[in-house]
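Each remark here refers to the structure printed beneath this line.
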C-alpha cells in the first residue's frame, strides 16, 4: 500500500512539471510580451524596459523559467493589477469561499445523483428511469450562468433566499478562517451560520447541476453494467437477501467508476465556479478569476490557472489513491 | 419421491417488438438423492437456461418460465422471491463456468464464503470464519486461513473454482448444479476439479446436476445422462447404455466425432454436419433433421415425441440401430 | 499519468475501440427505433434548416435599428407592436436576431469543432501512426491539456488575445476538443495497427502513408463523428460561457446566442427576463438535440448493444 502511494505521488510530478512550463509559456506569449501585460494600462516603453530588467526578462529563457518555477514554488506570483496586493494573498483569502461552495455543491450532487442513478438503473425503462435520463441530459445542456440568473429571478424571492454575496449587509460576523460557516460555529454566532448557509444554497445548487447530471448518468450506467455481471448471479445463487446483494455486491462495485467521476468533477468545479460566483457575486476564486478576465489582470490569471490545474491534478491523485483503497485490483497493477 | 422433479419446463425469451423465442421446452427429468445427472449438448441447446430456470436465476424481464420444478415436493416456480432466496444456497447450490467473473472482485474470498454461512446457518462472523477455513481446506486449497483475506484476482483459476465450489457447498445443499464448471480451466486442472466434485458428492451424498458439452466429463461422473438438442431432451439413458448403444443420431454423432486412441487406423472421425443455425423449428418436424444422416422425409414433417426406448427415452423417428452403431458403439 | 485520468479517457478509448465498424445498416436501423435518437434528429434537423436558411426566414433585417431616435443610452428594450418577440437595446427585431443567431451559433460551434477535430486528429494520427517517442511526447502534452478543467483551458486561450473576436472564441473553444480527439484517433489507430485488413495491406507492400490515409483514417471516422456531435453541443455552451465572461466577440452587430444571452443576463434580467430566456432556451434545445444525437449514435455503435 505504501509503495502504491509513493508511486502515485511520483507520477504526478512530471505532469506538474509540464504544467508549469505551459503556464510559464502562456504568460510569455501574451500580446506585447509579459511586461506589457503585467503593467496593463500603465505600460510605457521605459516602464516595460525597466520591468523587463527587474523581472529578468532580458535573461536567457532557461534562467527565466527556473526563476519563475522557484518563485511559484514559494507562492510568489507577483502582485495583482486590480488590487495591487500579492496574488497569493488573494488566493488564500478567497479560497475558503470556493471550497465552501464547491463542497456544498458536490454534496448536493452526490446525495441526489447516486440514489437517482441507482434507482434509474434498478427500474430501467420505467417512468423513473425516463425522467432521470431526460433531466440529466437537460442538466448538461443548460448554461450554468443562465441557470444561476434564473434561480435569482424565480427562486430567491419566494424562498426568502439571498441572491448576492456571501453575507448579509450589516451582519458583522467575525472572520477567522474565512470559512463562513466554520467561523460562525467557532464564535457561536449562530445567526452568522444561518446567514452563511442561506447564501450558499442558490449558488451551490447552480454549481451542482453539471456534476449532478454527470454523477447520475455514470451511476446509472455503472450499476447497469454490474447488474449484468456473473458475480451478481453468484450472489443471488447463494440466496443472499436482496439488501445484501444490493449494498455489498451491486453498489460496492457500481460505485467504483462513480468515485472517479466525483474526482474529475471536483477538479473541474473551478470552471463552473467562475460562472456561478460571477452571477451570485460570491467572492471566491471564481469571482477573482472572472474579475481578472474582465480587467486583464494577467498575474492573477496566471496564478489562478496554475492553481486550478494543480488542484485538478492533486484531487485526481487523491481520488486515485482512495480508489486503490476500495478496489484491491488497482493496488497490485 | 425424487429429490427434484422437473416437469414440462419451458422458457420463452420475450423481447418487446420481436417474436418470442422458445429456449427450452418439454424438459422433464428427475434427480434422486445422491444421484448425478448430466445435461449434455452443444452451446445454445438450452442446458444453461434449464439450470438457471431451476435456480430461478433468469431475469424476470424478458423470460417466461412455465412448467414445474418440484424440490422435495415444493414447486420452486411457485415460491415467492423471498422464499426462493431462503432455499438458494441452503438447499440448492450452484457452481458456474467462469470462476473469475463469478466471484466478486472487490470482496475477499473469505467474506464471500462467510456471508452464505451467516445467511443460512445463522453463524456469527467469527464462527463462519472458522468454518470457511475448514471448507477451503476441504476443497483442497492450501494454507486456507491466509486465503480468506485474499481477493479473487490473487488466486489461480483452479483455486478460484475450488473457492466457488466451497461457496456452493458451504451449507451442505442436497442438490448441486454445476454449469460447465471445468470449461474455463486448463486440462490438467479440469481433471482435478472433476475428481474433487466426485469426491465431495460421494462424501456428502449431495445430488448433482452436471451441465456440460464434454462427453468425457459425463463418462467420468454421471449416472444418468440427458442429451439436449434445440431446447428439448432428445435422448435419456444410463451412462453405460448411452456410451455403449447411442440411439439418437445426434448422440451417436457426438460420440463418433470424439478422437479415440483405440480407433482403427482406417477409421475416420465423423463430424456432425452443419451447425445449430441449420435447425428447423420443432413444430415442423425434428430440429436436428437438416444435419441428420438418418433423416427421413417424415422427420421434416412430424415432430417426434419422447418415447420409452431400451430403458431410457428417445425422441427420434429413425434411431441408430444397435448393429449399425459403429464408431462410438463398439465398446 | 495516474489511472484516474485514464478513467477520464476510458469512454474515449471505448469509443475508439468501436472503430472499423460501419455506421450504416444495423446502427441506423437501431437508431430509427429509438425515440431519443428521433427527438434529437428532429431538433438538430430543424436547427440546421433555420441556421442555413436564416436570411430567408428572418421577418426583418436583424441589423437595422428600427426605433431610430427613441434609442437613448438608458433605453429599456422589450415588447413593441409589430415585433413578435420585441426589440433589443438597439431597437433591432429580436426574432430576426434569434434566427440570424442560429446561423452564427452554428458557425461558431461547427468551426470550433472542426478545428478541434483537425488538430486532434493530426496529433493523435501522428502519435498512432508513428508510435515510439513521437507518441510519448504528444500524448504527454495531451494528458496535460486534459488536466485543465475544460472551461479554464478555453479561458486561458481566449485571454491570450488583447482583442477578442469571433475567431479567438472559436480557437479557444476548439482547444477543449483537441485532447479528446487526439486520444480517440490514437486509440483507434493503435487498435487497427494489428488488424487483419491493415496487415494484409502491409503484406501487399502498400506504403505507410497510403495505409494510414486509405485504410486507417476512414475506419476511425465513425467514433470521430460521434464525438464531434457531442463536442458540438459543449462547444455551443462553452462559447456562451466565454461571451458571458467578456471573452466573446465584442462586435455589437453580431447576433450570436451566447452573446445575446450574456448581455441580456448582465443588463436586462430584472426588467426584461424574456430577452435572456429566448436565446437561453434556444441554446438549451440545440445543445440537447446534438447531445441526444451523439449519445444515441454512441449507443448504436457500442459493440455491447449488438446481438
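Of note:
Think of it as A, B and C in the order they're written, each chain with its own count starting at 1.
By definition in this document, a contact is a pair of C-beta atoms (placed from the backbone, for glycine too) under 8 Å apart; a residue touches a chain by one contact, two chains touch by 3 or more.
Just so it is clear, the model here is predicted, and its values are computed rather than measured.
Shared contact partners of subunit B and subunit C comprise A. Counting C-beta pairs in contact across A-C and across A-B gives the higher total for A-C. Here the spacing of subunit A and subunit B, counted between their Cα centres, is 54 Å.
With centres defined as mean CA coordinates, subunit C is found 23 Å away from subunit A.
Contacts from subunit C toward subunit A in the complex involve residues 1-5, 7-8, 140-141, 143-144, 147-152, 155-156, 159-162, 233, 237, 240-241, 244-247, 258, 261-262, 265, 269-270, 273, 276, 280, 283-285, 287-288, 291-292, 295. The touching residues of subunit B, counted against subunit A in their complex, run 55, 57, 81, 84-90, 93-94, 96, 98, 101-107, 115-116, 119-120, 151, 153-154, 164, 167-168. Residues 229-231, 233-242, 244, 248-249, 252-253, 256, 326-329, 332 of subunit A are the ones touching subunit B in the complex. Residue ranges on subunit A touching subunit C, taken from their complex, read 8, 11-12, 14-15, 18-19, 22, 26, 29-32, 137-138, 140-146, 149-150, 152-153, 257, 260, 263-264, 267-272, 274-275, 278-279, 289-290, 293-294, 296, 298, 301, 305, 308-309, 312-313, 316-317, 319-320, 323, 330, 333.
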